[in-house]
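Got some structures for you, see below.
Okay, so subunit A shows up in both of these, paired with subunit B first and subunit C after.
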Partner chain A sequence: MTDVTATHAPAQAVRPARSWGKTALRWILYIVLGLFALWYLMPLFVMLTTSIKTLEEIRTGSLIALPRDATLEPWAKAWSGACTGIQCEGLRPFFWNSVILAVPSVLISTVIGALNGYVIAQWRFKGANIIFALMLFGCFIPFQVVLLPMARMLGLMGIAGTIPGLMFVHIIYGLGFTTLFFRNYYVTIPSELVKAAKVDGAGFLRIFVSIFLPLSLPIVVVSVIWQFTQIWNDFLFGVSFSSAGTQPVTVALNNIVNSTTGVKEYNVDMAAAIIAALPTLLVYVVAGKYFIRGLTAGSVKG
Partner chain B sequence: MAPILDISKLQKSYGATHVLKDINVQIDEGDFLVLVGPSGCGKSTLLNCIAGLEPITGGSIHIGGRDMTHVSPKDRDIAMVFQSYALYPTMSVAKNITFGMKVRGVDQATQEAKLADVARQLQIEKLLNRRPGQLSGGQRQRVAMGRALVRDPKLFLFDEPLSNLDAKLRVEMRSEIKKLHHSMNASIVYVTHDQIEAMTLATKIVVLKDGVVQQIGSPSEIYNKPANLFVADFMGSPAMNLIPARAEPEGGATRIEIDREGAAPIILHDPHASGLPRDIILGLRPEDIAEAGFRAGEDVQEAQCLVDMVEPAGADTYVMSRLGGTGVTARLHAETIARPGEQMTLAFDLGKVSYFEPGTGTRLN
Partner chain C sequence: MTKWLENHLPKMVLAPSFIAVLIFVYGFIAWTAWVSLTRSKLLPRYEIDGFIQYDRLFDSPRWDTAFGNLFIFGGLFIGICMVLGLALAILLDQHIRVEGAIRTIYLYPMALSMIVTGTAWKWILNPGLGLEAMVQGWGYPNFSFDWLVDPDMAIYTVVLAGVWQSSGFVMALFLAGLRSVDGEIIKAAQVDGIPTWRIYSAIIIPSMAPIFLSAFIVLAHLAIKAFDLVIALTGGGPGYATDLPATYMYAMAFSRGDIGQAASSAMVMMAVVFAIVVPYLYSELRVRND
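Entry: the complex of A and B
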């Protein structure tokens, strides 16, 4: 704004007064934004600093003080030595449980969601709207409602307490969201594209793979971030449908924090919490800009 | 020889809504059939039915002598150009054009030869590596045509291909399509709402309204002998003058009276017409009403008319007058003496006249 007026000669006379007010406003804006940023960063700061302090320092020092002599000991313990109940192997085995659980679940629910969205948006059939409405409804069912029926179902299928069982739950639960994402994205693609490809001789899958998938990067990223965050961060399903060796990292984190032998090791707890949160953070950093782009894809086109 | 396209008793309905009613159309090889009508008349639906993109409710479609009624689009030996061009956005121009061949498993060498051929024909050699998003409207149009041409099908289908172009480009592409039709002797079905496109391109026109065929004929038949009031009004710009009049038998001929406000009725004599009902609608194209002395012929009759308005349009001057309670447009030469508010003598060429029944709108002569 200010440099636009500066280039116009007639505006020069009034410029000092007006731009002073604008600059002040700008500064107020930055200060307010900065304060908010600090406010939100504070917990992370406390967690990071606490996780590299010794227990002694935590007991004697202040919560927001910088560490005097940093140590990675708590991190090592959180990763491979902390006790979850009677087992003392740290987060490591459960972290890998979560990876084994999340990666296939994210991929499978994204692929099925993409196919569902493609069919509902571009291959209209009788009842398509009803099916879509039902799937949407699935997004709004609270987790708690499905716990008992799902437990019974997993039992009948013989996969109760296993990682595949937990994968199954997450895939089914995620389908409503992924279908919604892809359907809304594909609905903006002109149906003449499908017609042209049909005349060209391409079939259902060929059109999907050759024409729709290459267009889908932004919405795939949205779906992957959403699903990964949901599945990685899930606690309720994890605690309900897993058994001793198959718990995801969130459940293990809870167990670490709750199994204390005498003194409470805040530094290990903090380190464990950061480790458990790192993968989702990483996904956002790597793919965040596509996330915003994908979410607003429909609205920009108009 | 069997017609290249034979549509017989075609019906199409969505639930209780009948979109197309009893369509019967045949075209021969090399014909350029234009489906024309106002928006919502079912012309695009009919094209989609021919392509097999919409299932039909009744009747049959034969292409190249084979029954294609229930055959899927890819096996109908057709190619289609869409209004939005429908180019595959993530593929280069070359890939767009060869996609169909790739899907059908045509070998690489043939693909490249055909691509080069079509690219040269449409002058898009330099665009082959670009994406559709990097092309202008006219270039996209060419690529879409290239995708159709490379198929070398029995029948080309065009769905309002020029309506997204600006006026100048539209005229250019129109003549290019016409040239292509001539040089390839292609059989084409072409949908448009633009009656000028229909007139300039077609060898045969189908005028549709509300899913019912109004008239099928050559452009000159449609223009000079419209089958009903709708066709008369729809085809031609400015539209045909449709003037309420009274007809009375006069020996073997007919005496026609046109009322007007503030003056005696105009009396015309048509020696060729007979057996007309008393109330008729007289149809005369603007160019068939001329300034007295500028039109010769045995059926030309003159009458004094009050000029309401004069609109110079460069090559012609349009003169408006009021006859029979409606506005009447005459197309005069550019240097006419017509002045608004003055009387002038107009010449009516009754050799070109159409008569319509006012109630049903059907043609009487």
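Entry: the complex of A and C
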């Protein structure tokens, strides 16, 4: 452990012969880390086991006990039979609402963000930095401050309570972040490249398509993942701007859990919660690296 | 003509977004600010009538609770996330064998919706069948853990769930920071026989000041925006014991039909964010422009 490199620099003493104390310390270290891992995993474990228990077993058994007779009934019910208020079609229609909402919103906001970032980073004109600062600040506002006028605006535009209306909201308030991602990425590309291309007679769009776009895959992934997670997990816009049939999955989940009709079905609630969480969990498992990069891109100078 | 187009194309590409931001961010903030100065109830009215809504807001015991909760929740949430995140990052930085797997486990809650997190913890913390019942079942019939339904303690369950959700992210931020410290300095310190804890406290952590600031900004931002977590976990209850400004605003806007109150509470939230974010953005952008 003496080969400490510049990129990876754990501050550990140059290793002497390993003593008993060191070994014990090492064990404690692993135990502490393991306990925290259990703490983070516990809610997921409880959700999973609860979702395949019968109500009878939930009432009589312990929270963390494994199910005795596993059943998939709660999952079926959560997907297609649970009640959100008066409607009893499960999470399915709302899950598809979220898909229909998220896919175009993510794509459109990413494309616009890429073009914006390209302009701000490489075609600097007077005032471009002020525009960037104004857009950046838009990322940080508490959305409560725009809820009321947005509700009226959507009404005026005739798209209140519709999925296109929600898409519009997500695209508008996602632009700040996507522009930030692409701006910070494109700013690292030498401006000599653009100058040389201009000398060769390439125009604005040509340079974007043949030079910048081919380099953009990593940041496109970051932007798509970020926007997808944000839009899929959103609740505030969903609950404010949707109507009975157009609610996204998070709103429907909350309605199922807080539905007061009939017996409280905790197993169905938990199955519904897992279903609502699956797409973003999947994205995290498949592309965790990019997920973290998106989270940190807005907060660490880069 | 083509020449003109070519010269102005960059501006024309940026223009729609810029106009959208002007209207939907700044115009809307101005609208909310205006309405917060009127006697709007169910429908907005536009005759300015001074600070009456703010007087009502600060006289309201419910807002008092909500605003106080913001500081209890925000303070504890930010503080615990930072301490826990830093501690876990340092522990993980000791050549851990399965570091990748542990990191993945610590961070996955960040991928979940706050509604999912709230739903899960609501079930775990419910006194009848959750943790309390479990420990009682282990042979401690007097064990009591009913924070979720205790008006004085319920806000701490929101802290608990919030920390569970976000501390892994802070860990990842700090871990990236620890790894970016210049290895030569650390090597030199090790050769000089300086003990590990001194290397951390005197060299590594002080050099991570910008990361502390970033983590603070992100967490403060999450805390002020926390809305879905409260809705899913406690619904603002018992009573309105766990109301936050965000839930207060929502209740006024969409269930009480009190647009004036909604607008003024939103403006107070805006002011809190402003006070935290503007100095940060200012310093960030200034450094970038150098």
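To be clear about the criterion, the second predicted complex is superposed on the first by the 262 of 302 C-alpha atoms of A that agree within 3 Å, B and C clash if a C-alpha of one lies under 4 Å from a C-alpha of the other, contacts with A are read in each partner's own complex, and residues count from 1 in each chain.
Keep this in mind: a residue touches a chain if its C-beta (ideal position, glycine included) is under 8 Å from a C-beta of that chain, and two chains touch if they have at least 3 such contacts.
The model shown is predicted, which means the values in this text are computed figures rather than measured ones.
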Identify whether subunit B and subunit C fit side by side or clash on subunit A in the overlaid structures.
-> fit
Counting only touches as set out at the top, which of subunit B and subunit C does A:52 meet: first, second, both, neither?
-> neither
Looking at the overlay, what does A:82 touch: subunit B (first), subunit C (second), both, or neither?
-> neither
Would you sort A:196 into first (subunit B), second (subunit C), both or neither based on which partner it touches?
-> first
Based on the superposed arrangement, let me know which partner A:231 touches: subunit B (first), subunit C (second), both, or neither?
-> neither
First (subunit B), second (subunit C), both or neither: which does A:292 touch?
-> second
Looking at the overlay, does A:210 come into contact with subunit B only (first), subunit C only (second), both, or neither?
-> first
Quick one: name whichever of subunit B and subunit C touches more residues of subunit A.
-> C
Counting only touches as set out at the top, which of subunit B and subunit C does A:180 meet: first, second, both, neither?
-> neither
Taking every C-alpha pair between subunit B and subunit C in the superposed model, the minimum, in Å, is 8
What residues of subunit C sit close enough to touch subunit A in their complex?
-> 6, 9-11, 13-14, 16-18, 20-22, 24-29, 31-32, 35, 44, 88, 91-96, 102, 104-117, 119-124, 129-131, 133-134, 137, 164, 168-169, 172-173, 176, 178-184, 186-187, 189-191, 195-196, 199-200, 203-204, 210-211, 214-215, 217-218, 221, 224-225, 227-228, 231-232, 235, 245-246, 249-250, 253-254, 259, 262-263, 265-267, 269-270, 273, 277-278, 281, 284-285, 287-289
Per the touch rule above, subunit A residues touching subunit B in the complex are 190, 192-193, 195-202, 206, 210-211, 214-215
What does subunit B use to touch subunit A in their complex?
-> 48, 51, 53, 72-74, 78-80, 82-84, 86-91, 99-100, 103-104, 147
Touching residues on subunit A, where the partner in the complex is subunit C | 1, 4-14, 29-30, 32-33, 36-37, 39-44, 46-47, 50, 58-59, 62-64, 112, 115-116, 118-120, 123, 125, 128-129, 131, 133-138, 140-150, 152-153, 172-173, 175-176, 179, 203-205, 229, 232-236, 239-240, 250, 253-254, 257-258, 266, 269-270, 273-274, 276-277, 280-281, 283-285, 288, 291-292, 295-296, 298-301
